[in-house]
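The two complexes that follow have chain A in common; it is paired with chain B in the first and with chain C in the second.
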Partner chain A sequence: MKISALPDAELRQRLMADGVYFRTGTFVAHLRTRLEQVAASFGLLYSDYPLLEGPYADFHVELAPPRGLRRWLRPQVDFIADGHAPFAALPAGQAFPMFEWGLNWCVSSQAQHYLIIHAAVVERNGHAAILPAPPGSGKSTLCAALIHHGWRLLSDELTLIRIDDAALVPLPRPVSLKNASIDVIKRYVPHATFSPSVTDTIKGTVAQMKAPSESIECADQVAAPGWIIFPRYEADAALSLTPVPRSRAFMRVADNAFNYTRLGAAGFEALKGVVAHSDCYDLRYSVLDEAIAAFDRLASQAGKR
Partner chain B sequence: MKAAPVLVRVLRDPECLRHLSPAEWDLLLRQARAAQLIARLALLAQRHAPDAIAPQVAPHFEGALLVAQRHREAVEWEITQIRQALGSVGLPLILLKGAAYLAAGVPAASGRSFADIDILVPRARINQAEAALMMHGWATSHHSAYDDRYYRAWMHELPPMQHGRRMTVVDVHHAILPITASSKPDSARLIAAARALPERPGVLVLAPVDMVIHSACHLFHEEELEKGLRDLSDLDLLLRGFAALPGFWSELLARARELDLERAVFYALHFSSRLLGTPVPMATLQAAQRFAPAPPLMRLMDALYGRALLPHHPSCYHGYSALAGRMLFVRAHWLRMPPALLARHLVHKAVVAFKGED
Partner chain C sequence: MNWKLRAGQRLRMLPDDEETVVYNDLSGDTHLLSGIAVSLLERLQQGPANSDTLAGFLASEWELDAGIVPAALTETLLGELAALSLIEPIPS
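== the complex of A and B ==
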């Protein structure tokens, strides 16, 4: 059963009372909230996710106004992971982005059975392209465009590498877009579903794009490593795809990992497994169509490898 | 009284893992995460009920064990480095707490992680130890002049020293309680009784009774009890591990008296047997009774620690949990410093908090 099977009123009612259990990738999350804004965006973006019955969840999270007088003066919101608030409260209007960031934090801080890279990851024909990149490099923009043009979304933020066999494990969640890229993607993928934009966050204006329902349905299918591509958006740049030596790519991906040092030898082996089976490139682009064409060329060559 | 939290029940009797409902597994993992006991729990489950581990929980156990394994390796490396640094000025390395459990290979090391490595050096040589560590890359992390003086004048340790490249932290102690505390355990006695580790030349740990007493002293003078259950579980494992040593139990009490730590040792025996079912011989429990506080105070301490030592997880909160935590916080400060000094210290901290760090 999917979350969309719950009528709106019942979804809100459940979120307020015992909370809603849903599956995202290999994780089960449990969300409780009385906040209308969170309920509305959650209903919009998570309608295709499997609805579960409790009692088990990997992450138990809640969004709630902090206690105290302040709530009447300037409403705020706390992200609460199983009773503890790991972050400072944010203005109430940022509650839904905070849910997304908080859930990412739960995964990256608590799921130590994966090597976790800060990277987008998309799949075609069984092979995955990993896109590690610092904020502002156009990773999410590219990811959002790719997953509406033939590529499957594994994750926009957290690349999960299975420790034993270096397979890439899906975590399809909404794609987080920032500032100018919100309008770029709204024009580029007009049929996609977006949460309302939230202004003045620490990342500027943010909006989430719903994950394609096929990606959510295939969330149990892992992908083999195929490419590691370091994207970089540059205004007016001509498209260029430059090979990167594997040794160099290894170090750059390790730098983008959340728990590489915590996992020691196991993390090293898993990353080695991924890099050994990936072609590595620096990608510079300014036009989404050209970038997607470059990805598609790589995918078509993969069959001949 | 409410039933014991599932994590406490499992630590008491790991066989009960075989009979947990899915809801209890869910709660067990959450409580273990809050108490920083996932890796220890994972090892316990693998030993006692490998087939019963809930499939959803298994990956979290695997992750915790990977991290624990890496932690052990990192600590081994750190121990070697610190030993070399101290060795350069002819000081042996005496490890305390977590690092000592690990180096000595006692059961309390199981699934144990810790942020800093604690070491003990004779007070007369503390400057030498500091200099040696500085020569090998450790430096006092940033502190205000007040904090620096606070540590050096009143505390039982130097301000924490962090390694410039590896960012690991060493706490250099010359005693196990602040100079200002009312109990005055003589650290020369601890050092004199410390044991060499045959397979680690130049590395020592406290004698078994002293290891227990230090663990007790630490827990029952601690101001923040977030890791209280983990520390109590350490005590439980230490006591179980040493229980069969000849003369251990009688020596424990005699030594507690010598070190002026009878009360802490009494609490350790009392709460670990009460909460975790540590098999303390009846004779020892009875003999320790004379170190117990007067009955009204005992009832209060039972109420306070009975709450504060549970996992710090919402499922374990009783009506007065927060109050119990605050009262033990005040008690710990009270034990650390005489009232006038405490007042002065708290006023300074309040002013700093008000004006911002200098």
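== the complex of A and C ==
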């Protein structure tokens, strides 16, 4: 049963009362909130996710106004995970982005049985392309375009690498877009569903794009490593795809990992498993059509390697 | 001077064309090493050796540029590998 099976009024009632349990990738999350903005965006972007019965969940989260006087001076919101608020409160209007950021924090801080890389990951023909990149590199923009042009979304933000066999484990969640890329993707993928834009966050204006339903339905299908691609958007740049030595790619990916050092030798072996089976490139692009064509060429050659 | 791998050092490696990623089991650090440095590690993985033997090994395995003295290069590399806790001298 999907969340969309719940009528809007019942979804809101459940969110306010005992909360809603849903599956996202391999995790079960439990959300409780009385905030209308969160309920509306959750209903919009999570409609295709499996609805579960409680009470088990990997992450129990709540979005709620802070206790005390602050709530009356200026409306704010706390992200509460397992009864604790790990972050400072944000303006109430940022409640839904805070839910997304907070859920990412839950995964990256608690799912230590995976090697977790700060990277988008998409899949085609069974092979995954990992896109590690710093903020502002165009990673999410590219990811959003790819997953509406034949590629499956595993994750926009957190690449989960299984320790035992270096398989890429899906965590398909809404794609987080920022600033100019929001309108770029709204024009490029006009049929996609977006949450309302929220201005003046720490990341500027942000909006989330709903994950394709096919990606959510295939959330139990892991992918084999295929490519590591370091994307960089540059205005007016000609497309270039430059091979990167695997050794150098390894070090760059490790720098983007949340828990590589903590995992020790197991982290090295898992990342080695990914890098050894990946072709690695620096991608510079300015035109999404050209970037997608480059990805498609790589995918078409995958079977010939 | 005689050299050996540090006890407990497994030399987990991802080899590549010109450089190799080496995981240091003892420190938890990850190093990016040149092929010639890694060849010394692999030689010491087979058993302890003295500096002269290792210099001869490098001279025979690598086409060193003219002007490079194998003994001096070997000492430099051994010093670097020891600083990373990958190898250690054997007390005489």
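Things worth noting here:
Throughout what follows, the second predicted complex is superposed on the first by the 305 of 305 C-alpha atoms of A that agree within 3 Å, B and C clash if a C-alpha of one lies under 4 Å from a C-alpha of the other, contacts with A are read in each partner's own complex, and residues count from 1 in each chain.
Quick note on the criterion: contacts are C-beta pairs under 8 Å (C-beta built on N, C-alpha and C of every residue); 3 or more make two chains touch, one makes a residue touch a chain.
Everything numeric in this text was worked out from a predicted model, so none of it was measured.
After overlaying the two complexes on the shared chain, residue contacts for A:Ala276 are found with chain C alone; chain B is out of touch. In the superposition on chain A, contact is made by A:Gln110 with chain B only, not with chain C.
Of the two partner chains placed around the shared chain by superposition, chain B is the only one that A:Ala57 touches, whereas chain C remains out of contact. In the superposed model, A:Ile163 lies in contact with chain B only, and not with chain C.
More residues of chain A are touched by B (comparison of chain B with chain C). Within the superposed three-chain model, A:Tyr188 lies out of touch with both chain B and chain C [touch as defined at top]. Once the two complexes are laid over each other on the shared chain, residue contacts for A:Phe268 go to chain C alone; chain B is not touched. Within the superposed three-chain model, A:Phe250 lies in touch with chain C and out of touch with chain B [touch as defined at top]. Residue overlap on chain A between its contacts with chain B in one complex and with chain C in the other: 261, 264-265. Residues of chain A that touch chain C in their complex: 245-248, 250-251, 254, 260-261, 264-265, 268-269, 272, 275-276. Residue ranges of chain B in contact with chain A, taken from their complex: 22-23, 25-26, 30, 33-34, 54, 56, 59-60, 62-64, 66-67, 69-70, 73-74, 313-314.
Interface residues of chain C, counted against chain A in their complex, comprise 10, 12, 14-21, 23, 25, 28, 30, 32.
Against chain B, in their complex, chain A makes its touches with residues 26, 28, 54-58, 60, 82-84, 110-114, 163, 259, 261-266.
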